[in-house]
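Comments concern the structure below.
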Amino acid sequence: MSTTNRPRDPHSLSDDIIAMSIGPSHPAMRCPIKLNAAVAGDHITSMQVELGFMHRGFEKMAEYTPYNELIDLVDRLNPVNSPSNALTFVTAVEKLMGVEIPERIAYLRMVFAELARMASHFDCIATAAIELELTKLKLLMSESLNVLLDTIETHMFRPSFGGISCSLDDNFSGFIRQLFAFVSSRSMEGRRYMSQGGIFHKRLAGYGTVTSQRALEAGFSGPNLRASGIEYDLRRHCPYWLYPKVGFQIPTGTNGDCYDRYVTRLYEIEQSMLIIEQCLDRMARLDDEQVACAALPVAVKPQGEIYFAVESAEGELGYFIVGRGEDKPYRLHIRPPGLAEAGALADVLTGEQMEQIVPLMGSFNLSGAELER
Amino acid sequence: MNDFSATLKKACSEAILAEQNSPDGIVMTIKADKIRQVFETLAGRGTSDGRMLLTDISAVNIEENDCRFELYYHVFLIDLHLRLTLKCRVEGDKIDSIADIMPAALMPEREIFDMFGLKFRGHGNLPRLFMHNDFEGHPLLREYPLMKRQILLEQTKFE
Amino acid sequence: MIIFWITVKALTIFIIMAMLIASAATVAGRRINGQSITLGQFSLGRMLRLYLTQPTANFIKLLFKENSSPSYAISDIYKAAPYLSVAAVLMILGVIPFGDEADLGGTIVKLRVAAFDSSVPAMLILLVPAFYGPILAGYSSDSKPGLIGSIASLGNLVSHFVTLCVAVLGILAVFGSAALHEIAAMQSGPITAWGIIYQPLGFILFTLSALLLGHDMPNGSAGGWNRIADWRVEYTGLRLAMISAPGSLLNVIVSMLAVTLYFGSCHIPWLEWSKLSSLLGTGTSGGIILMLMQISVFVIKTYLLCLLMLYMRTLIPRLRGQDGMLLGWKVLLPVALANLALTAVIISLIK
Amino acid sequence: MGIERILAGKNNPLGKLAGKIINLARSNSLTPYIFHTGGSNSRIISRLEAESRLAELGLNEPCFSPRQADLLIVAGPLNTRMASALRFVYDQMPEPRWVMALGDNACDGGIYKNYAVVEGVAQIIPVDVEVRGCPPSMEDIIAGLERLRKIIRERNLSDDYPPKPESADKK
């Protein structure tokens, strides 16, 4: 047995420390990260995180592909929350070229971005439910997840510069209301499962706590930061599209532990439904002669540099584009929403038990492809 | 917004070269060796005008003769709703690290070293972030060919 | 003649057990919790496929799989662990009575393998080696997650085994005898003779601790850390089948025990087997029919209880390591002791 | 066990019959180990597990350790660093093992033509069945499984026991 017999660690629970590496291809963990942990008994004494197992050289490839082909490439980065990447990239290029999009397009983009956010939150809670064997909660969450992903696939085809190509028949708002009746009943029942005193609360409350000061320093973003009590949401602090015209609250947690992160996501699902309903009402009231697509310059050859960030489901998703007037971007850098959390994972997990690794990692909702591009 | 930039200019006047407004904030060009001083003043004033969040550091490999890299530090001031981008051009391939002032810079700096080979002085340990350890060269440099693969196969390396 | 009947009994026991275990394991494997099998989907073809052909295909495949073992494993313990865990659990079958007597043309055949006075404590003692298998496998197969998983699950097994024994003591107090076949015989006649009437709380404790006992044995639970840090990671082929046998075997055997102790092992309420045998005539054919009826009653009861336990297993969410053990020591054990004291007081009052 | 070695001997009738039975059993109970490198088909993987039609095709529950697996399903583009993890997993699998590459990314690197992605899983481990499509539809996967089962049924028993028993250490 290759137990590393280091000098006895005074405050470790047991005297011999086993060096263990939890391999990258792990069925229980959704995104392949290699954890080299030193384990005393059941507790982790120290841990290093190794990334890079899903790095696909996206940014280098982006320098060799023209802009409109990039939209499909960007779509592949995050399987669950795919529209958010494409919409962000398209808006960043429009801002770089100084193109203003009409209101109808902005409302449509907001609808699909919020649908993607709900899908990603349901997916995150479903993986936690699998780990805790709460099969009823898992069924609730994955049903609504599949329904949402199907609606996104059937209704939204491909965003284009200055517009969005999607098939919206007239009873789309009726269909969405019926969808929300289905989804909100699921999330209400899910909330009953995750209430205080339940197994979900007892198992996850108090573990993996990140104080608001620590989260701010480490550069967290999105639900992980809000769970620690800091009300920072790009839709409110640095608004884009037409979010100022839509009213919604920002749910924040209190003590930033694993339980708060999951519950913040659950409350955000309600807010997203609120936003979508308001967008649909405003879109109906728009006068119809709005042009379907914005006036585009003859060819997409932006000049200059821009950093445009969007509040995606996992955190702040930013696109930094440097254009030199050719049809290919000179440099395309994506601010990955989960990188800061992956960096801070090592000292969030130290001191925890081995069993808590999977739920704690799941609470940050790291999506591997987007994290390592 | 402008009172903030005025106070910052007064605090470290010789560091800031130019300043212009971008759609949702300010873009300032700074001298590369004054980067630590700027962040110390920013962090020092962090409590007075609201919390500060270092979102990201982006690097661009420009092929001008004198300098090869241009760094963009994206900082967001939460209470002022202001996005501050600090641009600086790097001569040579070394620059001071700000990881001890802002821990959020740990991962972006490791990634920039891994992808561009730009070393950060004073950063604790600077292992490669994505590529495996015996990967020669830095992929995102212009001269690195797109299709050159270095597959890691030996199991001992992986263990 | 006697040897012939013993081999027949052993064969029937083995066939019944193999089918029970295979079907229970497949049902558990088919994740009765995740993808609930609604009655609508049941067609005879699917039923046959799920309970008969699939387990046999699995068995044959595992038989011809390569038996590779990790190079750094301690090979002799590594090879011994599967046999030990299966042998211990199968020995308990010898103690459980499958039915009453049946006379076949003069010779009386007792439907049980071994019948000695202290068979209940013997059964409990034979349950213990089933827990050695995981420990030996985890230690000797040089996989660190396996080692940690086996030690964690041993703690869980011990804490719930104590409550299991105390719950069984309640039944001994009620029936006054420690022999399984006597307890089974006493439960014939009206339904009030069944053990569960006297010991409802005892039955609940028995099944709950049995569930929590086997809960950490990775079986059928989808995903999760428990499926990785388990001790059977390094086993392939038939050894894998044998090392994972306690998982589903324990489930079947505990439901068998529950049937004999609490639900009147082979007796149908208000029906005396002796009255029926006179009706069927004393020839060997009558005796054989009687024997088959007794065994089928016992098997049906076990099967229902086994499915009930499999379903109950899906209701228990995964407790954290300590919570499971704390539940065992702090909650179940005191309740079991209180139940034992209560029965003692009632019995002394009746006398 | 020596019996198979005798059975697998040169064309004795019993060997042929035994081979058919064993192959039938093997093709009807395949335990897949899903080597998940993320990417566009993570939804396909969850549907793969919940698909009831696959039970008819003899696909068991996905297992959690390569030691217990017969079929290795590789999904998603393979990173150059992940290649050694794939090789490590493939070596751990016991002998009669098969590999199925799921999706364009796994078969030949798909749209990722760059330094970080290996051009197809076949460069690292021998692949038996390739399922095209990005993401591959359910029908393609089932057709792929049918092809795989045909390969298993046509295998004769002597393939398990090459004349010189390879003593490669499995660790």
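Letters A, B, C and D name the chains as they come in the text, with residue numbers starting at 1 for each one.
Here is the rule we go by: a residue touches a chain if its C-beta (ideal position, glycine included) is under 8 Å from a C-beta of that chain, and two chains touch if they have at least 3 such contacts.
Note that this is a predicted model, so its numbers are computed, not measured.
**Student:** If we look at subunit A and subunit B, which chains touch each of them?
**Tutor:** D
**Student:** Mind having a look at which chain is the central one, using mean CA positions?
**Tutor:** The chain sitting closest to the overall C-alpha centre is A.
**Student:** Would you kindly say which chain has the C-alpha centre located farthest from the C-alpha centre of subunit A?
**Tutor:** C
**Student:** Centroid of subunit B to centroid of subunit C, CA atoms only: how many Å?
**Tutor:** 64
**Student:** Suppose each chain is reduced to the average of its Cα coordinates; what separation in Å results between subunit A and subunit C?
**Tutor:** 46
**Student:** If you average the Cα atoms of subunit C and of subunit D to get two centres, how far apart are those centres in Å?
**Tutor:** Their C-alpha centroids are separated by 35 Å.
**Student:** Nearest whole angstrom, what separates the Cα centre of subunit B from the Cα centre of subunit D?
**Tutor:** Here the centre of subunit D sits 45 Å away from the centre of subunit B.
**Student:** Can you tell me which residues of subunit C touch two or more of the remaining chains?
**Tutor:** Touching at least two other chains: 34, 222, 227-228.
**Student:** Listing for subunit A: what residues touch at least two other chains?
**Tutor:** Touching at least two other chains: 27-28, 52, 55, 57, 60-61.
**Student:** Quick check: what residues of subunit D touch more than one other chain, meaning two or more?
**Tutor:** Residue numbers touching two or more other chains: 64, 81, 85, 88, 113-116.
**Student:** Can you list every touching chain pair?
**Tutor:** A-B, A-C, A-D, B-D, C-D
**Student:** Write out the stretch or stretches of subunit A touching subunit D in their complex.
**Tutor:** Residues 23-25, 27-28, 30-32, 52-57, 60-61, 72-73, 76, 79-80, 142, 149, 367-369.
**Student:** Would you pull the subunit B residues touching subunit A in the complex into a rising list?
**Tutor:** Within the complex, subunit B contacts subunit A at residues 22-24, 51, 53-56, 58-61, 72, 74, 76, 78, 81, 83, 85, 102-108, 111, 115, 128-132, 139-140, 144, 146, 159.
**Student:** In the complex formed with subunit C, which residues of subunit A make contact?
**Tutor:** Spelled out, the residues of subunit A in touch with subunit C are 1, 18, 20, 22, 26-28, 39, 42, 130-135, 138, 199, 202-203, 353-358.
**Student:** Residues of subunit D touching subunit B in their complex?
**Tutor:** Residue positions touching the partner: 80-81, 83-85, 87-88, 91, 113-116, 118-119, 123-124.
**Student:** Over in the complex, which subunit C residues touch subunit D? Could you list them?
**Tutor:** Per the touch definition, subunit C meets subunit D at residues 29-31, 34-35, 41, 49-50, 53-54, 56-58, 60-61, 64-72, 222, 227-228, 232-237, 240.
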